[in-house]
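In the two complexes that follow, chain A is the common piece, with chain B as its partner first and chain C second.
Take a look at the complex of A and B:
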């Protein structure tokens, strides 16, 4: 839509007004890490963050979400969408959210996701600090970020604010935005292009090359065995992933023995129990009982299976899995290297 | 169940801390539970005995020969047996003696030879002696999980206890990983269900709930050495805290 400009000083006033009137989330510091959290005053917002522990999807698709409440006779859904703004979403997370939007809409539209999502305004921001294990510069390089409402790029004395939807355009009235100059818009574009080359880690092959070779490696048991030897099946590479969307649903009863909740939790295909299925009569079959099968499955999901549907790989290169894996075997950059050289 | 199920509590070698966790009366949840069950035996609270029990809840490990007959007698009277707390589930810290031979001397010094201090060489989970239907793990067990198990049983439903590692819940909490602050942790091999309270309070998981399914103990040793800077022997010993009786070198009676 439009390109606006705001000075650093006015940006602070803008934030103050915004957080007083709206529910605003953004990256904040937590010890030596960052997390998306509620912002109650402007200095909390750390647009200079590198990456957060969990991706911003947690705000509209929380790790634990009540789906419905029942009382023995009837049930009521727990939909309660709230108008909210997420500030400071990096491009890799914008791409990831765009994928989730698609996946939760296709086939059986998921209202517990979609209603929250529709009420959420997403304002991206340029990457000022680069996380050590990130490789978004080369992951799905041909895919442009979309689906967000606005985008902030920090120049020396202020921000260029690109509004892409009405939701974002409505925010402009909160402060002294002026029309951005052509040079400022160009400068912003240049900053966002240049940063892509600055990731310390890089995939040395195109998404298509990786997908082909990875699929061909499916039966290379020795490779998967070697890569997964130290795997804990702990799922941290899924539970921190920007694009994972699997969930588990459980019912729990209150002690009145009548009422309770149906709740969903983020799930993880790396855990042993994920692929356990009932054969009836108490019999159980696990169709990915081996560590190497689960490890391979995640890799296939991130690099191969979803590519056609999503128009690019399901890995956006945030590097969260690489950081979260205590055995340090989850980094797609290393995995891809091993596969391509196998 | 038409009649209120009869529930009994028994204790073996333990600190009885899990009972205390339960007898935390004044807790609305526990009082609510009492509307749905009949407690027929409770060492801490009552004395009458009954012959048939719907649910027997057993605390403590098997560490004396004489406990065998008592356990078998309870099993024979009970429709369902729940082992609650780490001592009953994994033998807990009682099993810290399992890989040593001088434990009596180390603990009791010159009194070590007194006959009433005699116990087996190894403390073992009660499941070594009797069939256990459900486990409420942890040191102490979580009373909410215990209530959840009983609540499911009252519905004729299978209680759902996760078999995946503590890391899953730790990440859902968005806790900073102990390894990211130069510490160590065993959450990668510990069974979830507790909600990962220890890392969220800034202390490592000690695997008090026992091991998750397919726990990768070799990888844990490697990680403790490579990431937390442990010596090889400390890495091996680390696992003995709550799970000594489950380790390959100490699990055989």
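Take a look at the complex of A and C:
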């Protein structure tokens, strides 16, 4: 919609006012890493972060979300969306959120996600520090980030604030934003183009090439065995993933053993239990009993299955899985290399 | 199943409906057969082959195929095998008790492809439960279908279910009914051996539409027999079981490659899943 400009000093005043009146999340330092957390004062917001441990989806699609409250035989849906702002979302996470929006909306719209999402304002920011394991410069390179409300680009003395929706435009009222000069807008565009080139092009193939070769490798058991042999099936690659959205649904009682919640929890297709069914009498059938089958399923989900729907891979190159994996076997860059050279 | 989230303020994908147990019969040692009606007295609308998420608050939800045809009364049937926490709790319920359902979910049997054709249903074990919705449907609309053959196999005679139905089907002229048990007991008079042996007892024409439901191991062997008869993949329909946690195509548990069994299935033509390596 519009391009605004704000000086660094006024930006701090803007944040102060904003956090006093709204629920604002953003990247904050936690020891030597970063996490998305509530911001209560401007200095906490670290727009120079590289990547956060968990992606920002946790704010509107929390790891534990009540679906239903029950009491005896009566029940009510748990829908309690809150107005909230997420500041400083990087482009790879913006892409991931856009994918989740689509997936939760398609076919059967999921209100527990969508209502939260609708009340959330997403403000992106330019990437100032490139995380060591990230490869967003070459993951789904053709997919443009969209679905966010606004975008901040840091210039030397201030920020260019691009508003894309009314939600973002409403924030401008909180401080002394002025109309951005043409040169400032151009400078912001240059910064965002330049950073893409700075991110090492770790994937030497197009998404389409990767998808085709990966699908063809489905039956290459030797390859999947080799890639997954050190897998602990812990699911860290799933729980840190910006685009993973699988969940489990469980009931739990309160102490009265009468009332309680039906709750969904983030789940992980890499865990042994994920596709297991009980046949009765203690017999089970696990549809992905082997490590290599689970490993392959994750790779297919990220690189192949969803591409048609999403217009690109369901991997945005944040590198979180690579960082989180204890055995260091989850890095899509290495997996793709192995597949392409197999 | 539901409208856009924008327009809707009450029900969500996870809002259940209350159902009352009209009848509860211990079908076998481990299976209980429930006849249900919606507590709000409305007729429950569904198609043969669709599934429900059945739940008890505090215990959880489980996916269960509907075991009766919408052509029957205002009620609908489910059969629950005692397997885990939820099913054990459900199977302690009796007539007059309530449970909760979400659904109907998924696509049922492809009636449009079965009507005006010869139909064979192959049901193994509790695979008879979801297929019973189709068996009743065919028997109720018998003139819509050509020859109708039903194979039913269980491990032992004690595992046979719907004993009243079996008696009726044995005598019925509307269905060619063949049954077998893997391991007979002293009083078993009928056929003994695997379900695939029943193919020798009858002539199934190559243009027959076949519906299969049973334990995962059964599919491969029955499909092998069907191929010998020259039945094409497009005419073979499989009712698959998976761990359908949400039932609405989101949670990922029931996925076979890129397909969700709960929303793309649970009934698939073999031609749809022949090349999905994890399907069978």
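For this structure, a couple of remarks:
Here, the second predicted complex is superposed on the first by the 334 of 342 C-alpha atoms of A that agree within 3 Å, B and C clash if a C-alpha of one lies under 4 Å from a C-alpha of the other, contacts with A are read in each partner's own complex, and residues count from 1 in each chain.
Methods note: contacts are C-beta pairs under 8 Å (C-beta built on N, C-alpha and C of every residue); 3 or more make two chains touch, one makes a residue touch a chain.
Bear in mind that the values here come from a model prediction, so they are computed numbers and not experimental data.
When the two complexes are overlaid on their common chain A, residue A:247 makes contact with chain C while staying clear of chain B. Using the contact criterion defined above for the overlaid structures, shared-chain residue A:219 touches chain C, although it does not reach chain B.
Of the two partner chains, chain C is the only one that A:75 touches; chain B does not reach it.
Once the two complexes are laid over each other on the shared chain, residue contacts for A:327 go to chain B alone; chain C is not touched.
In the superposition on chain A, A:255 contacts chain B only, with no contact to chain C.
Applying the stated contact rule after C-alpha superposition, one finds that A:209 touches neither chain B nor chain C. When both complexes are overlaid on chain A, the residue A:83 reaches neither chain B nor chain C.
In the superposition on chain A, A:108 makes contact with chain C only, not with chain B.
Overlap of the chain B and chain C interfaces on chain A comprises residues 250, 252-253, 257. Taken together, the chain A residues at the contact with chain C in this complex read 67-68, 70, 72-73, 75, 77, 79, 103-105, 107-112, 114-115, 218-219, 245-253, 257-258, 260, 262, 264, 267, 269, 274-281, 285, 287-288, 293, 297, 300, 304-306. By the touch criterion stated above, chain C contacts chain A in their complex at residues 1-2, 4-5, 8, 10-16, 18, 30, 55, 57-61, 81-84, 98, 100, 215-216, 241-243, 245-246, 248-253, 255-258, 263, 277-278. Those residues of chain A lying in contact with chain B across their complex are 30-33, 35, 53-54, 58, 63-64, 229-236, 239-240, 250, 252-253, 255-257, 265-266, 268, 271-273, 291, 323-324, 326-328. Interface residues of chain B facing chain A in the complex, by the touch rule stated above, are 29, 32-33, 35-36, 147-148, 151-152, 154-155, 160, 162-165, 167-168, 171-174, 176-177, 179-181, 185, 187-189, 212-216, 218-220, 222-223, 227.
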